[in-house]
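Each of the two complexes below includes chain A, the first together with chain B, the second together with chain C.
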Partner chain A sequence: MSATEVNGKIEYSDPENRNALIAVKSHLIAGFLVFLLMMIAGFTMRAAQGTWLEIGADLFYQIMTVHGVGVVGAAMITSTGVQWYFLRQYVRLSNGIFWTNFFIFLTGVVLILGSIFVGKYGGAWTFLFPLPAISMGAWSNGAAALFQAGLLIIGVGFLILYLDFGRAILARYGSLARALGLTQLFGKEPVDYKHPAAVVASTMVLIVNFMGIAAGAVVLVMGLINLFYPEFKPDALLMKNLIYFFGHVVINATIYASVIAVYELLPRYTGRPWKTNKPFYAAWFAIVFMVMGVYPHHLMMDFAMPNWALVVGQVLSFGSGIPVMVVTGYGALMIVYRSGIKWTTSAKLLFLSMFGWWAGVIPAILDAMVTVNRAFHNTLWVPGHFHFYLLLGLLPMLIGFAYFLAGEGDSKEQPKATDKLGFYAYLIGAFMTSMVFLASGASSIPRRWAAHMPEWVSFAQVGTVAAALVVLGMLLFIIRALVSLPGASNPR
Partner chain B sequence: MISTVYAITLVGIGLVIAVFYFVIANSKEADPDYPSITKKWYGVRSKWFLFLLVLGITVSVLSTNPFPTPDQKKEYSGGDYQNVTVDSHQWYWIMTPSTVKAGQPVEFQVSSADVNHGFGIYDEKLTLVAQTQAMPGYTNKLIHTFDKPGKYKILCLEYCGLAHHAMISELTVE
Partner chain C sequence: MRLKIKPEWLLLAAFIILTLPPMQRFLEQSMVTHMLVQLPALTVIGWIFGRTLPESWSNKIAPWNRWGITGMALAIVIMTYWMLPRALDAAVSEWYVELGKFITVPAMGIALGVSWPQLNPIAQGVLKLEFWATFMRLGWLYLDLPDRLCANYLLSDQRVLGQLLLLIGSAWAIAWTLRVMFGTKIINT
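Up next is the complex of A and B:
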């Protein structure tokens, strides 16, 4: 295969491109609408904990369940839209399969919403075995089954999509190792600085998500069997391992899929190349293993876990922070430094995402130390660190990409006042939300509590104000997306 | 320990903010010689990577020796330990006995009769002092020595259904 073929972009017909653009926009708009609803759900929970809103515990835990599963689902579908947009430029992907996954996803969403708001399922998105089957009358086995079937269906859709990714990547690069840049890393091929970062990242996401979703399917099927045949009782610790492997991998992979937007767009905005090189390949190769091996940090208070597994969880958690602190985040700092960048909303958001990811690493790796975990596990410290990643890392990547797609990134115009208001409301709200969670965790306040003790209420009230700002920022972003995205042509 | 971890986090986030602010403040004027910038900062990056590596290895070794959670194979009976059996249920705790003495290690044998729970011990200031998971089919041994007498609260730290937040009990330390 010649270098031109490897580095060249794939040509599609005009109808294919038009259809692809509609598909990507559909993913973004659907994902953003779900995110907005989930932010309103988060605001509602904080207001209830802050005693500003009275809701029953049953409804609170249903909202908590939909918030968790909704954010994970929205993160998956939106990040897949970003990833697919760039990956299809380098490998020939099928529009039909992309749409198929989208509609399977929507079907799964309907099942999940039905299970929660009709069937009153409130077993949390983690469906920790055997809680779905033992609700003390709060929901039926049918509702729990519907929830798990919804997740299973969504997983099947993504597996089909990843098969297409795998087929296309293999067709172009011959092996996953070559697509990951390993042949260059280990000296079998000369280093090609133009080897697309989108292909490297997508290959990593493909591998880990295939494994993660497969594990999820196994645990979901075992849970479903248990619901209808209670005499089948899988080991609770095995189930917990499978659930956290699945859950950690799929949510973690969304940020690795979305960071492609940073690799592709920051060079465009700064006029500087983001070259792939050996440290880049080494980082992404390590990420493949770290994302899959890190999950025991969720199980550090399960003393039946072997100590070596917890040490692996601790060490890999620290290791997982290194690629962003040394390669991706560091690279973003270098590319922006004295670049003359024009700070469009898209550029601001993409750069913010690097800050959110980097800063979010700190509370995460600390909590992933066994000795620290004893005082922080299942306190609000945990949502503190992942809201940092999601609100200030993942979402700015996704929204920054949407602004690019709406044509704002290359526009000569200054950002509009509403864009600025949206950006700063979101920035302040998201930072406050995360910091209040961290402060709450440092005050030992437990997570997933419908009603807070009087000593904790003021934290939740500040958190409510912060969540309101996040909702305001997101609302303005969505209005902008709904106005600008549908008619926008593909940026060249 | 909690306040140290919190302080490290705040300082760390503050430093990251400072670095990003510095880069933003130096972003508007363009320096066309990007290769010189990358050459200089790639050099810094190698040292930064080495620093993180040494830090990670040092902290990992120091923080896991001795291992922070109790040896589950060891028997903690006899005169050195007080023993408390903890059975967790949706949505209550049964602790036998529910009174222990300060200054002598307590072994909590924690199990669950139904779903996963989290056995969290809170002092009178509502600070979490020790915890372990309560899982069906397993018994976790948690060792804790209470420094001060008082009324400690037991809160559930793993979501276990609709009255999860009401699963509260009391442990008396004399």
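Up next is the complex of A and C:
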């Protein structure tokens, strides 16, 4: 059996495959360019907090808004590229729909950039009611509406794409439960070790993102109505619940979409298959509910929240991610152990992502404890968690996949010096960025503040150096992607 | 002997019953029955009529309605107009708007009946989702708004309608979830 042999792959015509490859590369390149710009935005904010750069508070909050929404958008479009690349091998997906989502996404990005840098919207990605409508002259209602309309349009594009995923999965497997492996888990069908992990993960992502984006579609329109009809004042707590359900699910799902790269590529590099089994199905089934149920850990400081919701948020946050991380982390260790794997940059990045995913969740679990949350939630501890998770967990999966697609995984050549420099600059920078944020949080430095007190400045300055290293690493990765990706043929 | 009645006659009978002044007044005296009984009933009559159109008619329409796009665009425009509170208000107050409603809403149903089956499954999904989201948004809006949207209906009526829209939207979401997750078909979602 070959390392990646799984149940019946779908055959496409050569023009379809060529077009699909161009589409995936476009997603990766667009996503990485946005990531790089957002990293430069992050560097700018840290330099401003560290008093090395002088920018006005209004511009700081505009940059903060674009950084927050831009990273989530880049994570979504790039991880979707990874997910689509592998999923289309097992179910028949439409190239046209994939491109449609891409162009709808770009349209939404233009609207959002216009709202922030032309309309001066700086109310953060969270667009929490009633802030967008009460800017006290910092931005107009039109700018806030444009921001929310941009998000809404992006959501519609992704819903169209997920409908295509759903159609294709249902056409092949009959029900999402079967695609998730539940019929095997509950003994209605014999266990099929070759049931594709990409299908299981994609089904989970499809379910949770569908719910998350549907909630977003409702809450964004309610926010728009409030902007133009201020007499309508929706329940602020319900709005916040829906916004965080939407936001948390969407960003969380990007890592579950990208982990498909680990399931598909590590077996190629180690020569050992990644077999799906009952614990694997059980873990992915559990995570469907956990990803949707953990968001109340963002609302622990809202005293009006029902106690039971906070208890559920705390308990699920403790367990969230653990099932899939255990089966994936343990699985990755087992197939790498004594496999004689060649440590290409792609393999190194994919393995690093396992560490980033595991370690990055620890600060989140700490913050999800009500007593810790009261002290930590409005500090830089929280950016510390998600920068760890995204810089060292998500991005290595995405960049690792890009290296694979550029042909690095199959070539005999040794990693280039620039690749090594990029890898270590990125690794050290990302680790430092996250740890400085965590240390700042532990020292009670608040988050989302444009100006820092003199006692906090040294933290921001170290953070700026760390951010510069991340930008350097990413820049080298992107140059490599821009040089190698466009001409690379589809790896076999 | 069994009496054989053509479905078209049944549809016509249902339409006439809805237009009879007592039935019209009865259904329009409350916002709930106006929006959740009369308008859907007129749409369904149009829909079924659209599905049973003679083949010669369908063939004539077909070149103008490739992939069902023209018909769906028409249906969406009519639907959007009748979602405006002042349109509904005017239908209650002015006879000519009421007449327009009894013509355009079944016409929307016909457009839906003819065009929906031709529509791409992905486009069907997008429209279903948008329709579902509209139920939830309007339900929330009707529940929370401090003012009456329609001058002819009470605030309490508006709130009951809001609750019902949220209830129907939730039931629809559950039915849809059961369908795609486990293949369980409760209703045709």
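Criterion: the second predicted complex is superposed on the first by the 483 of 492 C-alpha atoms of A that agree within 3 Å, B and C clash if a C-alpha of one lies under 4 Å from a C-alpha of the other, contacts with A are read in each partner's own complex, and residues count from 1 in each chain.
We adopt the following convention: a residue touches a chain if its C-beta (ideal position, glycine included) is under 8 Å from a C-beta of that chain, and two chains touch if they have at least 3 such contacts.
The model shown is predicted, which means the values in this text are computed figures rather than measured ones.
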Given the touch rule stated above, what does A:235 touch, chain B (first), chain C (second), both, or neither? both
State whether chain B or chain C is in contact with more residues of chain A in the superposed arrangement. B
Touching A:371, do we find chain B (first), chain C (second), both, or neither? first
Between chain B (first) and chain C (second), which does A:57 come into contact with in this model arrangement: first, second, both, or neither? first
For A:99, is the partner it touches chain B (first), chain C (second), both, or none of the two (neither)? neither
Return first, second, both or neither, reflecting whether A:156 touches chain B, chain C, both chains, or no partner chain. second
Could you tell me if A:289 is touching chain B, chain C, both of them or neither one (first, second, both, neither)? neither
Tell me the contact category for A:117 with respect to chain B and chain C: first, second, both or neither. neither
Where does A:338 make contact in the superposed view: on chain B (first), on chain C (second), on both, or on neither? first
Quick check for you: in the superposed arrangement, does A:12 touch first (chain B), second (chain C), both or neither? neither
Dual-contact residues of chain A, meaning touching chain B and chain C, are 235
List of chain C residues in touch with chain A within their complex: 121-122, 125-126, 129, 132-133, 136-137, 140-141, 144-147, 180-183
In the complex, the residues of chain B that touch chain A are 1-3, 5-6, 8-9, 12-13, 16-17, 19-20, 23-24, 26-31, 34, 37-38, 41, 45, 48-49, 52-53, 56, 59-60, 63-64, 67-70, 72, 90-91, 114-116, 118, 120, 122, 126-128, 130-133, 135-138, 140-142, 155-166
Complex contacts: residues of chain A adjacent to chain B: 57-58, 61, 122-124, 126, 128, 130-131, 134-136, 138, 235-237, 240, 272, 300-304, 307, 310-311, 314-315, 318-319, 322, 325-326, 330, 333-334, 336-341, 343, 351, 354-355, 358-359, 362-363, 366, 369-372, 374-379, 438-439, 442-444, 446, 448-451, 453, 455-456
Can you list the chain A residues touching chain C in their complex? 94, 97, 156, 159-160, 163-164, 166-167, 170, 174-177, 207, 214, 217-218, 221-222, 225, 231-235
